[in-house]
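Each structure below appears as structure tokens.
Two complexes, one shared chain (subunit A), two partners (subunit B, subunit C).
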Partner chain A sequence: MKVKVSPELDDLQSLIDQLKKSSREIGAIAVFVGTVRGTFRDEKVLRLEYEAHETLAPKVLEEITADVKKKYGIIDAVAEHRTGKVEVGEDVMYVLVASKHRKEAFQALTELVDRIKTETPIWKKEITEKGAHWVENPK
Partner chain B sequence: MENLKVTVRFYASLRERLGVKKVNLQLEEGSSFTSAMEKLAETLGNKADVIFDKLKIKDSVMVSVNNNLVKPSDLTELKLKDGDVIDIMPLPSGG
Partner chain C sequence: MPKVNVNYFANLRELMGVREEKYKVKEGTTLADLLLTHIPNKHPKVSERWKIQVFEIEDSEIKYERDGTPSLKYLVLINGISYTSIREGKKRPGLRYKLKDGDDISILPPVGGG
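Right after this comes the complex of A and B.
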């Protein structure tokens, strides 16, 4: 299991290769790639800026990943999220789930991505051509 | 006697709206989280409504103490120690 909160993501193919090597039982690897969208409603997005709680973000990310791994009985997982400035079209988040079969890989991937977005103390500021605003979680 | 010092740090949109990164509070020994928040609201003055709704912490805010997230239901009776660091954060919006 690997988690990372950092200005840079690891190479995606290397992450897939590392997962494949971790067990001979792996028959499916589900991958989520979050990228920066170039529009917000009718506004043109220039870039995003991410802030993370330096200590808590990796800690929570690790707890969530371990929790989902246990819940779905998957073999291994990776979760990485960028911080700092991220330009439109760039990757911001990699989540990979390795399992014996695809069904639990898809289920675990969906839950893990959802929980990373709603539970990990990382915050997104959207810089558009009309100004900057923090994206609020609609609780 | 005020001999308990705690630091309150703010993150992301809360930090920008408050215009400060952190506030140091001097409290009486044995103070609870609730009394610290009363003092914080007093310190923040007319900006207190960024975090509080009638002296209660808003649902849109999450709290950690010494890098451990604390559920809202556990905050009320929480006793603070000298040197504690309270982080007040908006709900996550990553991804």
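Right after this comes the complex of A and C.
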């Protein structure tokens, strides 16, 4: 299990390769890539800025990932989230789930992404051509 | 006199103009006292916006729970533990928690990652 909250994400293919090597039982790896959308309603987004609680965010990420791993009996998982300025089109979050079969991988991935977005102390400021605002994710 | 550290994030950091600051308080000062009095007194220019952002508001006034403590919109952590879970002996004092020297208080707006 690996979690990371940092200005840089690891290389996605390397993360997949590491997961594959972690167990011979793995038959499915589900991957979520969160990227910066270039529009907010009818406004053009210029960039996003992420801020995290430095000590708590990785801890919460680890707790959520461990919780989901146990709940769905998946083999391994990775959750990474960027901080700082992120430009439109850039990747901001990688979540990977490795399991024996695809069904539990998809279920675990969906729950893990949802919980990361609503429970991890990370905040997002959206800077558009009309101004800037902090985004609150719906629970 | 206990000294506590207060951390602000995201929109609150912008409102207060600082990421963290220290407060020296009298013995027996509660978390509610800190949020209702000490912090707004130190930031009078933004005290009204602080109130609206951090507390539940009803008829332009801070809404209070049945136990007499203010109703919070934001999560407050004391040394990484939610104020709702923190213990003093066998009790869970919530906002009546008495601040201790060295306490680290984090006030967390609703999250928005991803």
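The definition used in the following text is that the second predicted complex is superposed on the first by the 136 of 139 C-alpha atoms of A that agree within 3 Å, B and C clash if a C-alpha of one lies under 4 Å from a C-alpha of the other, contacts with A are read in each partner's own complex, and residues count from 1 in each chain.
Here, a residue touches a chain if its C-beta (ideal position, glycine included) is under 8 Å from a C-beta of that chain, and two chains touch if they have at least 3 such contacts.
Here the structure is a predicted model, which means the values were calculated and not measured.
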Room on subunit A for both subunit B and subunit C (clash or fit): clash
First, second, both or neither for A:94, with subunit B first and subunit C second: neither
Contacts of A:53 with subunit B and subunit C, given as first, second, both or neither: both
Subunit A residues contacted in one complex by subunit B, in the other by subunit C: 34, 50-53, 55-56, 59, 81, 92-93, 113, 116-125, 134-137
Subunit C residues within the subunit A interface of the complex: 7, 9-11, 13, 77, 80, 106, 108-114
Of subunit A, residues touching subunit C in the complex: 34, 50-53, 55-56, 59, 81, 92-93, 113, 116-125, 134-137
Residues of subunit A that touch subunit B when the two form their complex: 34, 50-53, 55-56, 59-60, 81, 92-93, 113, 116-125, 134-137, 139
Contact set on subunit B toward subunit A in their complex: 11-13, 16, 59-60, 62, 64, 67, 69, 87, 89-95
